[in-house]
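Please go over the structures that come below.
The two complexes that follow have subunit A in common; it is paired with subunit B in the first and with subunit C in the second.
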Partner chain A sequence: MPEVLKAPLVVEFPFTRSLGPVQSAFLTGLRERVVLGVRTRDGRTLVPPVEYDPVTAEEIRDLVEVAPTGTVTTWAWNHEPRRGQPLSSPFAWVLVRLDGADTALLHVLDAPGPDAVRTGMRVRVRWAEDRVGAITDIACFEPYDGDPAQPTGHSGEFEAPVTGIVAPARLDYTYSPGRAQTAYINALADRRAVGERCPSCRKVYVPPRGACPTCGVATSEQVEVGPAGTVTTFCIVNIKAKNLDIEVPYVYAHIALDGADLALHGRIGGIPYDQVRMGLRVEPVWTEGGRYPDHYRPTGEPDADYEIYKELL
Partner chain B sequence: MSKEPVAVVGIGQTKHVAARRDVSIAGLVREAAQRALDDAELTWADIDAVVIGKAPDFFEGVMMPELYLADALGAVGKPMLRVHTAGSVGGSTALVAANLVAARVHGTVLTLAFEKQSESNAMWGLSLPIPFQQPLLAGAGGFFAPHVRAYMRRTGAPDTVGSLVAYKDRRNALKNPYAHLHEHDITLEKVQASPMLWDPIRYSETCPSSDGACAMVLTGRAGAARAPRPAAWMLGGAMRSEPTLFAGKDAVSPQAGKDCAADVYRQAGIADPRRDIDAVEMYVPFSWYEPMWLENLGFADEGEGWKLTESGVTELDGDLPVNMSGGVLSTNPIGASGMIRFAEAALQVRGQAGEHQVDGARKVLGHAYGGGSQFFSMWLVGSEPPDA
Partner chain C sequence: MTAVTRDIAVVAFAQSDVLRSTAEQSEVEMLMPVLHDVLDRTGLKTGDIGFTCSGSCDYLAGRAFSFTLALDGVGAWPPISESHVEMDGAWALYEAWTKLLSGDADTALVYSYGKSSPGSVRDVLTRQLDPYYVAPLWPDSVALAALQAQALIDAGDTDEPALAGIGARSRATDNTRAQLRGSVPQGDYVVRPLRTGDCPPVGDGAAAVILAAGERARELCSRPAWIRGIDHRIEAHGLGVRDLTDSPSTRLAAEKAGAFERPLDTAELHAPFSSQEVVLCKALGLDGNVRVNPSGGALAANPMMAAGLIRIGEAASRIHRGESDRALAHATSGPCLQQNLVAVLEGDPR
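== the complex of A and B ==
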């Protein structure tokens, strides 16, 4: 069996987030070197603050400042920091209960080694030099043996509050199309379209999936289809897609290759866009080095009869 | 033992808009949930379980809403479930919640669906750069437009039908204070003059991109007896799935949609949906899906759906009003859109739909679909409880 294809797939997107009143105050506070929590009706102070009481589900808006000093409530040593983590040298993940707070905040502690960290140790905030209104405005925590710092009693009202953040997400995959599609892609390199026939319903799938989606059985019998086919339906695209360098208008069509039981998708060229019709007979046009046909053009044959392709739309 | 009858006693929506920059996602869902509780005159403590749905994770980058939103939805110390079924998720989420009540697992369940499209990009989420694969050659509209052309070819529908649907739904939206689009100067000529994006689909025949949430409180017979306002009763509910693409798939009228509707009608004792059902809230993201679904759901024979639209039957004052709320064409927070259909159906039979109320609506269908016409979920609600 030929080797199955593999390639890296990186999925990343800069999602944005509106903060709402509580997170807005919290992050703006960090920018101003003020740590804010919220006070619940029964007098607990939650840091980091939340919008809704986790016990009673009540809305909470009572902001209260806490100290930038506190106590480690538990920790774990990180031997090998990874990309995007707060410190580049080994550090401790810590939960810190700041002085004046009833809950603990997750952050990192800059310490020379795990022997220098213990539950109950006193720490303080090390502020980042450039602060923008983000949790990273706290660069990290550091060991501290002084008295608890005193909050200034800040109201939580700020000039030019931060109202939104960008939360970039990134996932790194190794993608494999699997055995059946690998065979299909390899055949395309020779400009042949090779699908697979279901042993049960006898339908030919191009591209093949390795299993029939209706019968639920594995497919393996290879069947070459095309190269010509029939336009079964289409639309005329008049707006440019961001990721595609194709002049508009163009025709995006469902094309049933001769011998296939399911249409695939392609662009129609070599004919004015407004003359494309259902039933048009087409053949692939390849460009040098292309993994797929660049587009399909009319073969010049008479149009196919609707009755022949109406199940292949 | 028979099932517990399921009643909708509370409904809440946010005012749907292009961007809700003033609230977090927690704040957005809270707003809808609080309104549903207020409608039912219940408190958080009265809720026994929470069932939440949202759009696919990549749309919005929120992978675990059940984790992030538990406190905002008062779910601490209670079961919280999340449902996934692409665009139909709002409908299937409501049905999962309803089934918990019907099975007497929980007495009163809060169900909610949401999306903040302004903080995400659905089109990006649908077009990840999968190695070796040919990129999709058109946007979401381009995916559906060939199916619309196939419908037109199959039925001989005149090409004006799509614009009639859009004109109707946008006018209906003017009567719904929660709808996103309020186009006060809308005319049929404006719809027909709007740019052709993916021929045969025009700009005005496509749905907007919205931020919004919708919530419902579902309960049983005892809860309904205590409710301050009339309940909507679930008379039937079903879900069906099929592959997005397979040999023999009818993308114009998918078998899963037909089977789902037939199951709902069987449960509800509906012999002739056109005669026995008073109105429909159906998932129409592109205008032509109204006549397509009218056929798929059995309100018209194959090839005849467009005639109901063209003759005004589906207008707000017609014989079978469709999308009285303005529909997905006027409001589309994708993750919530299915639940809004279900909730609007319930509002109608409760007589609480305000200016877009259909007089005497007693049985109304709520419908949602998602994926490449892959997932279907529907419920039929009535003003009277099901026969014991």
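== the complex of A and C ==
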């Protein structure tokens, strides 16, 4: 078996989320070092506050301040902090029921070791220095042996309340393309386009994905196709993609390589964008060291007859 | 369930080996042999299937729309009646079951797969959490399960040796598809109080089930596993609102599925962490007369998005083979048993 191809793949995205009135008040409160809960009709105080009663689904808006001190209801010792977690040295995950609240808040506790943590221990909020209106405005909790702090009875009304959060997310993967695409990519490195034929319907797929989507069976017979092909359809791109060093407008096309039963896509160059047409005959253009064609350019042959490629649109 | 108008059964089940890595295969390459296997068991072809439903999650392997590529393995042309859930395949089975109940189809193919090896599943799963109050803290799946385990220990429901015993009993299975079998060291703390042996192995795998209604089921299987009821329920999403030592949603789903109407002989529970089996057994009132997880359960193999469907498939297979007459199958999703599905399966009297 050939060596498995691998490449790092990073999926990174900032989620911009708007806040409802209760979430806005809670997160703005954290910015101002005030912890707010929300009262349900039956008199329970939920911290962190939600906008709908988890039992009755009733809309709830009655904000009430609770103390920044509280009691650990359960904990778990994390000796190996992971990326993104609030503390970089070992810490305890904790659920904390703040004084005045009936439910518990998930956060972390800065403690010297697991022997210093127990359910029922008293803790207080350690505020972050820079606070923006986010759950991370609580830097962490810390052990506390004083009396419950007294809330000031804050109304939940603030100047310049936060109305949204931006939650960055990043996940790291090691991408492997699988058997069929590995063979395709390896052949491309030798400047050859190699598809796979379905044993049932005999269609040749380029690039191959390992299965015939019509028949639901594995493809395996390798078939070299191209290098030239026919533009079956195309579009003109007028918006410059981020990090893409190509002048707009340019043409992106479906190209049926000779011998293939499925069109692949690629950029068309070497011809003004407004002269590209269906049936145009093209060939790949390779750059030095490139593992795939940089683009396709006209071969100069007469255009292909529509009848030849009409099934490949 | 109140008025089940049509008898529907699991008539076939197939699954892949569950492996730590399947880097040499794409998702469809991993899935396709399982689809062929399950169809071969009934003699059906794709074109004979009335409805197809799948469960998977693009975040696991970081591949957008991977479920559409996986559909290549089904052979979806001419166009088939098809649906997908971004959930465990057990919920895809639920959708297929309702489709058959409605009379729109007589047979259904349900499949699911998960390829966790390209990413770090502990971190990937943080992205399913409340995006305002929880996800920004990146609490990984083991950390959240550990909070639940500590709550159980504090409540006197279990202790660390008992948890270790659950892992050891699970992996004593003879299931050749399982990723971990036999004696595995309990290991160090991953997040205390959970040790390596309390946590599921991370693995890639796929599973598929065929459902059929009424006489069609009897034609396709000598002893169909009749679905007497299925229900799924969810807890409040705030972890601090819940009693983590109990699972009222599982109990309610089981009640609605008819689990408590007559004794069970087998339960296939989807408990990714040893401590969660304690919660589930407590919620379901399972006693020593019920054989729990003869397949090894999720502590022996936990391919994400497939492990719940596998519980239903394993329970059904035991009925097919005459090793069970009435079995409960459970699937879970989300942190600390957030959402739970219960199916009750029965074989015809022997």
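The rule is short, and it goes like this: the second predicted complex is superposed on the first by the 312 of 313 C-alpha atoms of A that agree within 3 Å, B and C clash if a C-alpha of one lies under 4 Å from a C-alpha of the other, contacts with A are read in each partner's own complex, and residues count from 1 in each chain.
Basically, a contact is a pair of C-beta atoms (placed from the backbone, for glycine too) under 8 Å apart; a residue touches a chain by one contact, two chains touch by 3 or more.
Since the structure is predicted, the reported quantities are computational estimates derived from the model, not experimental observations.
**Student:** Please work out whether A:233 is in contact with subunit B alone, subunit C alone, both, or neither, and reply first, second, both or neither.
**Tutor:** Touch partner of A:233: subunit B, not subunit C.
**Student:** Check whether A:119 is in contact with subunit B, with subunit C, with both or with neither, and answer first, second, both or neither.
**Tutor:** second
**Student:** If you stack the two complexes on chain A, which partner ends up touching A:160: first (subunit B), second (subunit C), both, or neither?
**Tutor:** A:160 sits against neither subunit B nor subunit C.
**Student:** So, A:83: does it touch subunit B (first), subunit C (second), both, or neither?
**Tutor:** The second partner, subunit C, only.
**Student:** Tell me the contact category for A:107 with respect to subunit B and subunit C: first, second, both or neither.
**Tutor:** The answer is second: A:107 touches subunit C but not subunit B.
**Student:** Of the two partner chains, subunit B (first) and subunit C (second), which one does A:18 touch, if any: first, second, both, or neither?
**Tutor:** First partner only.
**Student:** So, A:4: does it touch subunit B (first), subunit C (second), both, or neither?
**Tutor:** Second partner only.
**Student:** Should A:73 be classified as contacting the first partner (subunit B), the second (subunit C), both, or neither?
**Tutor:** second
**Student:** Regarding the shared-chain residue A:169, is it in contact with subunit B (first), subunit C (second), both, or neither?
**Tutor:** Once the two structures are laid over each other on A, A:169 reaches both partners.
**Student:** Which subunit A residues lie in the overlap of the subunit B contact set and the subunit C contact set?
**Tutor:** 9, 11, 15, 17, 19, 23, 50, 54-55, 167, 169, 175, 177, 181, 213-214
**Student:** Within the complex, which stretch of subunit A touches subunit B?
**Tutor:** 5, 7-9, 11, 13, 15-21, 23, 50-57, 59, 163-164, 167, 169, 175, 177, 181, 185, 201, 203-205, 213-214, 232-239, 241-244, 246, 249, 252-254, 261-262, 265-267, 278, 291-292, 306, 310-311, 313
**Student:** In the complex of these two chains, what residues of subunit C are touching subunit A?
**Tutor:** By the definition above, subunit C touches subunit A via 23-29, 32, 35-36, 46, 59, 61-63, 69, 71-77, 118-120, 122-124, 126-127, 131-140, 143-144, 146-151, 154, 189, 191-194, 236-241, 244.
**Student:** Could you pull out which subunit B residues touch subunit A in their complex?
**Tutor:** Subunit B reaches subunit A through residues 20-27, 30, 44, 58, 60-61, 70-74, 76, 116, 118-121, 123-125, 127-139, 141-142, 145-150, 153-154, 195-201, 243, 245-249, 251-252.
**Student:** What residues of subunit A sit close enough to touch subunit C in their complex?
**Tutor:** 1, 4, 6, 9, 11, 15, 17, 19, 23, 27, 46-48, 50, 54-55, 73-79, 82-86, 93-95, 97, 103-108, 114, 119, 134-136, 165, 167, 169, 171-182, 209-218
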